[in-house]
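Here subunit A shows up in two complexes: once beside subunit B, once beside subunit C.
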Partner chain A sequence: MSAAPQKAKAGAEKMDVTVSAVVPLNDLVTRFEFQRPNGERFPPFSAGAHTVVTMDDNGRTRLNPYSLMSDPADASTYAISVRRDDEGRGGSLFMHRNVKVGDAMTITYPVNLFSLDLRAKKHVFLAGGIGITPFMAMIAQLERFNGNWELHYSVRSAALGTYVEQLTSKYSNKVHIYYDDQKQGIDLEALLDGQPLGTNAYVCGPKGMIDWVHATASAAGWPDANVHSEEFTAPQPGKPFEVRLCKSNKTITVGENESLLEAMEREGVDAPFLCRGGACGQCETGVVNADGEFLHRDHWLDADEHASGEKIMPCVSRFVGTSLEIDR
Partner chain B sequence: MTIQFNKETFRDDYSFKNSDWAIERFPFPFHEDSYMYSVNMEQHRGGPEGSVYEKRFDVDEHYVSEMEDRAMVLADDPLRCQSLPHMTLAGWDLLELIMVSKSEDYPDLFELHRDGDTWRWVNKPMGIDDTFTFMDETTLPYGPMEYITRQTQGDFCVLDQRDENLWMDAGMITTQADWSLDFDIGMNFFEWHAPVPKAHEMGIFQRALKFLLNIPQGAPARRLNWTMTVNPLLDTSPENYHKWGIQKTTLTPENIGAKQHLRVELQSFFRLPRSNALVFPIRCYLIAFQDIVKSPKWGRRLHRVIRDLPEELATYKGFIDNRPMMLDYLNQFDDGLPTSPGVFPENETEPPLQK
Partner chain C sequence: MSKFRFPESIKSRPVYGTLEPRPGKYHLMIADAEGAEAILDLAGQDADLMAKTHIIYIPKYTDFGDKLKALNPAQYYEGPTYAASVQRIQRVLQDAHMGTQVYLTGTEGLMGQAQNECMQAGIPHTAIQTEHRGSVVRRMQCVHCKGITEDVATDPYVCSHCGLNLFVRDHYSRRLAAFQGVCIDAEDPGNVPEQAELYS
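Showing the complex of A and B:
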């Protein structure tokens, strides 16, 4: 059909926001709150959704995804909590160092790759560190509808326990905190055993924790469909490499500290994306020719597809070798 | 523009008819002289002024009569509308989407007044003025999905999204092209598409599902689908096949221009914000062959498409037996001249019929 052809834009719809609050929570984590100019309302969202924040870092555009952690029923404010990563590529450092109350920023409409299963009779949340953020929104949503939930939250120490106080004072019977520095750990096998039929488990945290929860639940006989995880892979730095973009008729170099997707954007190539974390599949790109080795870091392609060398997810994956040509 | 609503029927005496306005804006589905499946998606963000693509939920002259027909179908068979328990939130999402869209797009016909969770909804064509509490089902005469889709043209599938798949977990289906919500309820995307020929082998559904799973909030999409219906019947359901199937045998060379209708579905897809479900409205437009051929371009093209359609598709779409009679009729309107690209009739520039 071609009733009114419109070229799809890369990425989700964007909206202009103003930074309405910057709240340091501890040594590592700061909350940023946004409002819309002119008092407009935000679109409602579903708990577990993220937004991609555009940062103008001295002329360099950074696009980082963050879970929305505010109450989905609150259309006046969106909030994210950002953990400072001193070793990372600079997005979180930019947020911590440069973003001030009153700044104008651009964020995308919410995209949800980690939604609640609304059929579940009970929701068990397993959070590690900054992985608490999507659960803040999920808890708010479930509280509104009298949902049955419990939270098991692992933090390094009391001093770095983001939102621990708020959660334990409000929901003392449902929230369980585990302090690494006191050698406390979640007794996952016991926790998964004896949950009522129809319970769903959700995990957000470091990769090791996510793998551990999936493996333990699977071994305990849980259906895979009842165990949900969200793992955003930040693009990892790596050796620069050259790519031929056959549709755009360009050859570009991907720098050490940028992703293939970012390099294409820098060169003005309109490549599709949504999550920028290897999870949504939107940026999947065909490989035309390759002589070298792929460093696949996405969660979208399966093992066979990774091995085939026929596809790459430019948002997180890299390449080492003599030549690469992709269908973009 | 003020719409003059028709008083008409889609059953018994079939008094349905399209005005010149409705014929001109009919969503003719063929952009070239042949047809094959494709995912053919585009963004649903308006279209030419006055076209069916312009508004988020098109309202036309058939609105009031279509809603009366829907009420009759539901009175006979309440299972045409179902919503599994976990889909209530998505129902509220849909109610909000439609009320906000219609009140913004047709302020002379619909009004929405919101004061916190107290909402007042005014539907002038149907004479409705209700005040209710958003998210409180007890304040509406039906569940939220049923309430709003009894007031909106088109069928509605409300699809839950989980396990990298879409699930037919709620819907209002009374104007369908021979499929059953009661049969499909709870099925996933591949299960409910299982009867479609060829498309599985072509990988169409894998690609379509990937696209649909990624439809973001604020960026709806649309596509067209089509089939054939004898008599202007909205309810061509399997449940009532014994009533309408037999009517396919009543075509004659004399009545085919009036009785044979092209049935086009304007399908759209919206991400629902609170539930992360996907709503899939399927809006049915009917047009008699004798009205299509008033546009020389459409007459030429329809003949060529129907003539060259693969046999499996003509069988699946249910008109293989009537195809020869259709072609005899349509052949009169095909003089072999080339057609301009695109779906619009271009009556001012397209040459008149040369035979």
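Showing the complex of A and C:
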């Protein structure tokens, strides 16, 4: 994973789209398909890329990242699949409740923080729940040149197995489904054992699953470079806190249900970002002064950087204390 | 003592470390000459390592073979040259699985070429351990005729293929497993600095 180049304006370039289809897949997951106005074609993307969707929720702007799960070779449509999170901050609920066919929306150009390593001799995909989405695009991309892949996909139940039927009917020999409600689990140690040299593993799912795959692979002697993961963290609510932005010469208050990044945007500060989920590193900000404790939630800074208190990722991390001044 | 501290150099120049046992079911150790000493050190750190280890060793002018055999590795092969051993290395890598740990030690030419084979087999170069031991001779490529000269010990040296006088540089090609030698008297033919031993 590497940082995207710094750009003059925050976030990736945006484009206008029209919602061309809303397809409920099961109780929790709905697919949204987008097309460009006037039949324009979308820019091509590499499998694993995500887009940040702008939602205008009654005057409040929500920006949520979603993996593109359509076939990268299909430039007529982009598709995302959104899992409704009733306890979340409201982005997925807004998508499920308010977005209808024909709506005009704004999304960003694709950004890929989870790309295939095309040098790999074999690709092993490990998905948990809605973590299936980037693999839908990866499978489509690999199928085009007869890539060597297999998928191990853990779902809660048959009823909540998003795309299970489509995958098993099309690729019956390559797709393995594990049902939680039947006490089935991925036997990871056995699965990793005996994979040919040059195999790359990719995991997308809950944090526990990602950590488990990294730790198990590492203990089996897999190089870190061969294990890829992506996890977008939604910013967690927390106690409001005040922060001084020294470059902008402003003091703002970050509310309970917004992130530091969102608070800066609300105040008109042009803060950089790409993924908004603690993964890409774009929003990294220097801490000038701090008296208190950081609640780091990103996957970008390493443990030493977290401990140093010299940097913060405003998209997901918070602060508790008496004063905070950052270099923005 | 077979260890040599290379001076700091440009980014292109490979940097070697010290071998350490890593977790894994299968361990492949490839060494030449004094590299055997690094394997002996490694074996001393982990008593269980050798039972899972395949050693491919090219003694060159040394006689460490018996000491390595006494470690009782799962497999031991001694080859007369790297060229004679490379088919075996390729065959071993072809059958190897993820989790295989590779340890390369000895001269730069041996480590570079074996690393290249491992990379082609799908191991990222960052996951391959190396430790330099023994001679500081270099495997050089002439950038003019592309010919490789092994075991270059002096700077400048004469290309064994085209005969040009070549300046020994730290510019390295991982793909070729060779340093790049450039003609030193192109502008003023015959004006060649006096030959000196590397690092003398």
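Convention: the second predicted complex is superposed on the first by the 321 of 328 C-alpha atoms of A that agree within 3 Å, B and C clash if a C-alpha of one lies under 4 Å from a C-alpha of the other, contacts with A are read in each partner's own complex, and residues count from 1 in each chain.
Note that a contact is a pair of C-beta atoms (placed from the backbone, for glycine too) under 8 Å apart; a residue touches a chain by one contact, two chains touch by 3 or more.
Model, not experiment: these values are computed from the prediction.
*Asks:* Who contacts more of subunit A, subunit B or subunit C?
*Replies:* Partner with more touched residues of subunit A: B.
*Asks:* Determine, under the contact definition given at the top, whether A:225 touches first (subunit B), second (subunit C), both, or neither.
*Replies:* In the superposition, A:225 touches subunit B and subunit C alike.
*Asks:* In the overlaid three-chain picture, which partner chain does A:59 touch, first (subunit B) or second (subunit C), both, or neither?
*Replies:* neither
*Asks:* Scan A:39 for contacts with subunit B and subunit C and give back first, second, both or neither.
*Replies:* Once the two structures are laid over each other on A, A:39 reaches no partner at all.
*Asks:* Counting only touches as set out at the top, which of subunit B and subunit C does A:282 meet: first, second, both, neither?
*Replies:* A:282 sits against subunit B, while subunit C stays out of touch.
*Asks:* With both complexes superposed on chain A, which partner does A:119 reach: first (subunit B), second (subunit C), both or neither?
*Replies:* Touch status of A:119: both partners.
*Asks:* Under the stated touch criterion, which partner chain does A:274 make contact with: subunit B (first), subunit C (second), both, or neither?
*Replies:* first
*Asks:* So, does A:102 touch the first partner subunit B, the second partner subunit C, both, or neither?
*Replies:* Neither: A:102 stays clear of subunit B and subunit C.
*Asks:* Touching A:208 in the superposition: subunit B (first), subunit C (second), both, neither?
*Replies:* After superposing on A, A:208 lies clear of both subunit B and subunit C.
*Asks:* Once the complexes are superposed, what residues of subunit A are shared between the subunit B interface and the subunit C interface?
*Replies:* Common interface on subunit A, subunit B vs subunit C: 119, 225.
*Asks:* In the complex, go through subunit A and note every residue touching subunit B.
*Replies:* Contacts found on subunit A: 1-6, 8, 12-13, 43-46, 48-49, 72, 108-112, 115, 117-119, 145, 225, 274, 280-282.
*Asks:* Mind pulling up the subunit C residues that touch subunit A in the complex?
*Replies:* So the residues of subunit C touching subunit A come out as 22-25, 93, 96-101, 121-124, 126-127.
*Asks:* Under the touch definition given earlier, write down the residues of subunit B that touch subunit A in their complex.
*Replies:* 27, 29, 31, 40, 42-43, 45-48, 51, 53, 84-87, 89, 93, 96, 160-163, 210, 213-214, 216-219, 222-224, 273-276, 342-344
*Asks:* If you look only at subunit A, which of its residues touch subunit C in the complex?
*Replies:* Listed in rising order, the residues of subunit A that touch subunit C are 119-121, 192-199, 218-226.
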